[in-house]
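One chain, chain A, appears in both complexes that follow, with chain B as partner in the first and chain C in the second.
Right, the complex of A and B next:
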């Protein structure tokens, strides 16, 4: 046992810093006790009580720093005393440390950012309405990413927002762009002159990406949630969004994306677009859409056509729908059809994007007949009905996402389904979407490719060739990279088409009969 | 079109400045794009506790919420508008009308048999000091027979640090709240070492108490009565700018007080030896001001009690066994829960195993926005919560702002660009967020008489606030 004392005259240190230093010294091996104090009478008494009042410490004055080490060996004591000085010198913590400003409540965040103008709410559905209400009460526009918000809450929130001149985007609003900046799950697209109002996240993404592919950018994109155009909600946010885009100087053309609205809501939307007078494209995915232009509004029936029509209107060029925009389609179809038997004619769509699934179901139905699905609305069909039958599954629907992340993030469910499809003798074509952008998985094509390769090998083992058709919703500027993701899928034997509509048509052409193929040829394949 | 500025249009024109509530990856993406964003580390209200969540929801009804907000605004005004002035120092029997054979203690009401050993030792010492018993055994007998009564300091307009004992002959400072006309009392801080407030129980303690009563108290009283009073609000505002938070650190406030007291003390007394003893005593105690900050807190918050409909906390206090709060809308009722044990740094030779459970009325300073709530003003104190410095100190004050309803107009914090200290702890926000008030505190040894062995911070137990919310939901809900 050995004690060492160091007295540093005239070295004032705050007592807290000294206590921390003592704790650090005490933690050194072989140190039994350490005291670092100013030499005040009270502190000298404390040293005495602890058996540390050495002769040198006893002589210290209140302006002296006293370090007393009690260690197992003299060397250990001296080493600890020597270590004290550098520790003392850097005991000042770094005040610049920190990073992101974090609050615990919306109110706390509003205090930190008094000029905030948007709350992005992605809490569990049961709590989402309360947070959205608080945000509106604080004068904030809201993007409500959360789903599972009741219709009654949605109506109340939107009425509240309208009274205050605020936007309430959502619920279940996955994507929006404000002044060109993407919010939520969104692709890197240029800023431009197309303004969107969308009742669908992946629908909006598909349109924005196809616009970007033609060099067109987005001014703003306002997500309104899938139920906004229903009779109950009455299109409150759709109409508010149209007014905003109508008054916005940066927006030269408006695109409305969604499912067919309630009739009276559809009337209001048409009337509002006519009143605004800017060129507009309406893409409201349903059966029996009357395609064409009336007044300022061009009506289309696929997401791709929404982008192409918008581009043509802005370029003031003529536009007509094309079923395929890439060469070599017929040859590719012929290859995929080799070895198909009458028993293997089923198309199975396994989708991450709900609106993409909806669009595919509509296209398959129009070409192949009834399609089973778990979708709601115009493309609904009993998922277990009429077996074997064409089938489109939205794997992002509630029944697949309980307790796990959305398939745009977590590929597990889709991988399982792909493996299962490989063992089904009736499935001729797998139809997939791969969605890129901020918020999506880091490498979605890489997640799926091994499962696709394995599925094709399994099918081949049973003497079957499984065709896989897909589209990649993304841009070259997305973090995952459109070209790299496409290449990864193609390496796995996937036929990647430039749009979801073209992918669905290709799937139908492979699985369908000669009449279908003739119809597609007549429609203008390249 | 109403012609008023439309905030949705402003959003598109100005670009988004985002509060992100939920998935943190969205905040990360926005930051990467240079979009201003504050992330909310959201958790389910009341930690997912259904009963509390239902009560919170019941108080969120629009008209109820508006009534609560109005009541809270009134109580906040009372607290922050208080003007505590130090006016006198006299024996408790004169100043407070405190009877013989009553021992006032810190915290909520405390039956003798539930008192911790430190508290018990201090009570016995106070009885011997008053001469009501000649030894501990006789003193204990008096308490057990009920011949000496125990009562909370708070029940008599007073506050006391640690054990907080007050008996009739002890001199107490008199602090007058000139905004409300109320008075509050606290003893003279005894200094460090073997002292009554840490449960020391020997002749040195009694000798010092005797000197305080016979010499120091009368000198201080004479000096104070000869003047106009000392403005404690101004002094605390100034000390806050000098690195004190008035709980753990009072060195600046003590110096400011000494500077103002000394001329009056010198004028009031002729005995220079006595004056020197007193000057030495005050000058040797960095925490001398603590008791005055506490009395100022008591004088400022008491007028907020009995304000129906308010959910603001007006008292927090600990007796070494239980932590108690009182809430403006619930009157005198104490809501209690077992105290926590402080975490902190220890003097040489001591460690956490030696620590007494949390004790003292000093948490009153947190109810007026000082102490832990004003941590940002006092980076030196932030070290007590761990590896902290200025950043952690600011983070603590920011966290406390989540559970308070206002900022103090007088207690401003230079490190926060002169923003006011967060003040007005709202029971609803505490339960909703699960963030409990943080209290800066000294740590006493669990063995009586050893004294202070460290300093640190302690959290108020959530259960007090959950009980308070239940009572508030019952009373306010019934009225609505």
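Right, the complex of A and C next:
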């Protein structure tokens, strides 16, 4: 263990720049911890709490920028310290980079881009409705990234948008593609003939990436927000989105992704798809989904099947669901099961993507029985506490993101949870997602891999093997690179499967009994 | 020919490429300070994309930024922000009647509008809509405020406001000063937000007591950054940025929402951290 300190007198950067630098330093190989703060007494106390108060840091003054790196080796610490300067320069103010100044208001932005026809609104929820209303009044389509918008506001905004012939995507719409332009958290996928309407961000990403892996592209993907298909909202934007895709010449097939709609909304969606007449795939993730094809609509129960069914229908080939698409699954499961005891059979899902977590919870529940989760309310109190049971946590939920960035950007919470899981004697399998694309972390697999390696080593130190199963939602064209991210996880001992559904099934097969594995072999559920 | 011994050569208008800009609005207290000065008054402290800070010889700060509300009670708005970006920390700054001079740049402030950044007495209190928006709004503040020390310091400040005990207020302020990342540490912003609400509801009696203000200002001298210290000293004197004042002065739900939105967008997390302090104080009074 080695600690290095850099003290830069009179170096001023805003808090986001300092947090970003600390995160980048922590992600470097061999770096155990890094802190970047001004050298005030209060911050020196924080450093002391973290075991990072070096002599140089102790001597810093409030106007000194202090960087402390704790690494496994002295060389590693020095290398990280050397990297800090260019990383800090990269986060320098716009002035020093010659960047274009940003508009501070919607009206200011509209003046700079008079031809703009869409506004992306991402402000605290209490103010989001007012900004969205202003954008609609200015004749702009809206992608409402913000969450915590009231149901009443959502309904009013969507009715307003429909009256004006505009889209109101959201609230809490994390992903969309409009005419080939990715918005929010979006993967680099080709343009193509599949149009999507999705009440789910990571669900949309999973389907778009799996389509891209088969050479299929997206015409448009319209995010509608997680509540659109509820009885209260009535599917207002889902139906408007279907109409747009129905009339769009570039869209040959429509995919609808979301959770089960309210019954009357589901009826309206089915009727609208039938009226449009284009081939369609419905993936509305729930407990009792009737899989099959009726009229133009094929209904599936996993995100992967949505992509595979869409691909098959466009290719006019036969398709049937497959539980695994990679070879050697049984051998891999057998290896992972070595040393498992009856007391150690818990699957713990730690997810960045909410819909991916929801899908995993459904699959695990169908194979293993009850699953506690912060998504379904199936667990009372702390979903990590209580008696041992299978658990799936959506770490992007409000209770985990208050005061910090989403886990697709900031891995801190997940890293803490992975370390905690390693100390629990009942956990047999960790189930993870890694989401790539624009807006996601620069190196999400690299962020998690050291924590996974450390967790497996901790478990091994207690005489246990911790299996880690994951999927990577991404494409070869994503900035992070699908192959490189997959390889990084595999190097850390992670079994990476091609889809979230397959990863969940693999986790269930490792932790479950012979009945579960027999059911998977037979192609059904236990 | 005369030699100007008090004005650094690099700030003279005769230098090649010298540019001019106008100060449009200026905090009244800063304007008063500048009016009494002449010659070299300090140096450029720091330069950012959207602002430049000048440190005067008495260790105080003056912030220059582009059009919009005054982001600090010690700020001035200029019409050509881009001209500031050529400045470098350490460059000398001089004052002449109605003018501020930096290397290659003259800022005319003779016609600037003076902005009163104080909360008038008697304490105006908070409109119901402001209280409601503060209660409803839990912004994404800086992580340092959610560390065990940050949580304890916020709780101590809340308890100090409830008790009104000067010693407790000083102790809580000491724990918050300099806590967290950035130019103005999150703890300072939180403290300033709380002081604004205290001032609006209880008036200067509690925090304005000379002993409290003097001790906290002294602590700020050693416990936080130059910029954080300036905000705290100004807050102790009852002076706040226009976004903070805008929220305190709101008298309708729409006005309160718009003001809170403007404040939340201030800086990286500064506005959110200030709102955290305002919310805390509001809760303490409730």
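Criterion: the second predicted complex is superposed on the first by the 413 of 526 C-alpha atoms of A that agree within 3 Å, B and C clash if a C-alpha of one lies under 4 Å from a C-alpha of the other, contacts with A are read in each partner's own complex, and residues count from 1 in each chain.
We adopt the following convention: a contact is a pair of C-beta atoms (placed from the backbone, for glycine too) under 8 Å apart; a residue touches a chain by one contact, two chains touch by 3 or more.
Note that the structure is predicted; figures quoted are calculated from it, not measured.
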Touching partner for A:350 - first (chain B), second (chain C), both, neither: neither
Contacts of A:247 with chain B and chain C, given as first, second, both or neither: first
Touching partner for A:63 - first (chain B), second (chain C), both, neither: second
Broader residue contact with chain A after superposition on the shared chain, chain B or chain C: B
Partner chain in contact with A:466 - chain B first, chain C second, else both or neither: neither
Touching partner for A:123 - first (chain B), second (chain C), both, neither: both
Chain B versus chain C as contact partner of A:46, first or second or both or neither: both
Contacts of A:38 with chain B and chain C, given as first, second, both or neither: second
Common interface residues of chain A - those touching chain B in one complex and chain C in the other: 14, 16-17, 19, 37, 40-42, 45-46, 49, 93-96, 101, 104, 123-124, 127, 130-131
Chain A-facing residues of chain C, complex: 46-50, 68, 81, 84-85, 89, 133, 136-149, 175-183, 185-187, 222-229, 257-258, 260-261, 264-265, 267-270
Contacting residues of chain B [partner chain A, same complex]: 4-23, 25-27, 29-31, 33, 35-45, 191-193, 284, 345-349, 379-384, 387-392, 395, 398-399, 401-402, 429, 432-433, 435, 454-455
Interfacial residue positions of chain A with respect to chain B in the complex: 14, 16-17, 19-20, 22-23, 33-35, 37, 40-42, 45-47, 49-52, 68, 92-98, 100-113, 115-124, 127, 130-131, 135, 139-141, 145-146, 164-167, 178-179, 181-184, 220, 240, 244, 247-248, 438-439
Touching residues on chain A, where the partner in the complex is chain C: 10, 12-19, 36-38, 40-43, 45-46, 49, 62-63, 93-96, 99, 101, 104, 123-124, 126-127, 130-131, 402-404
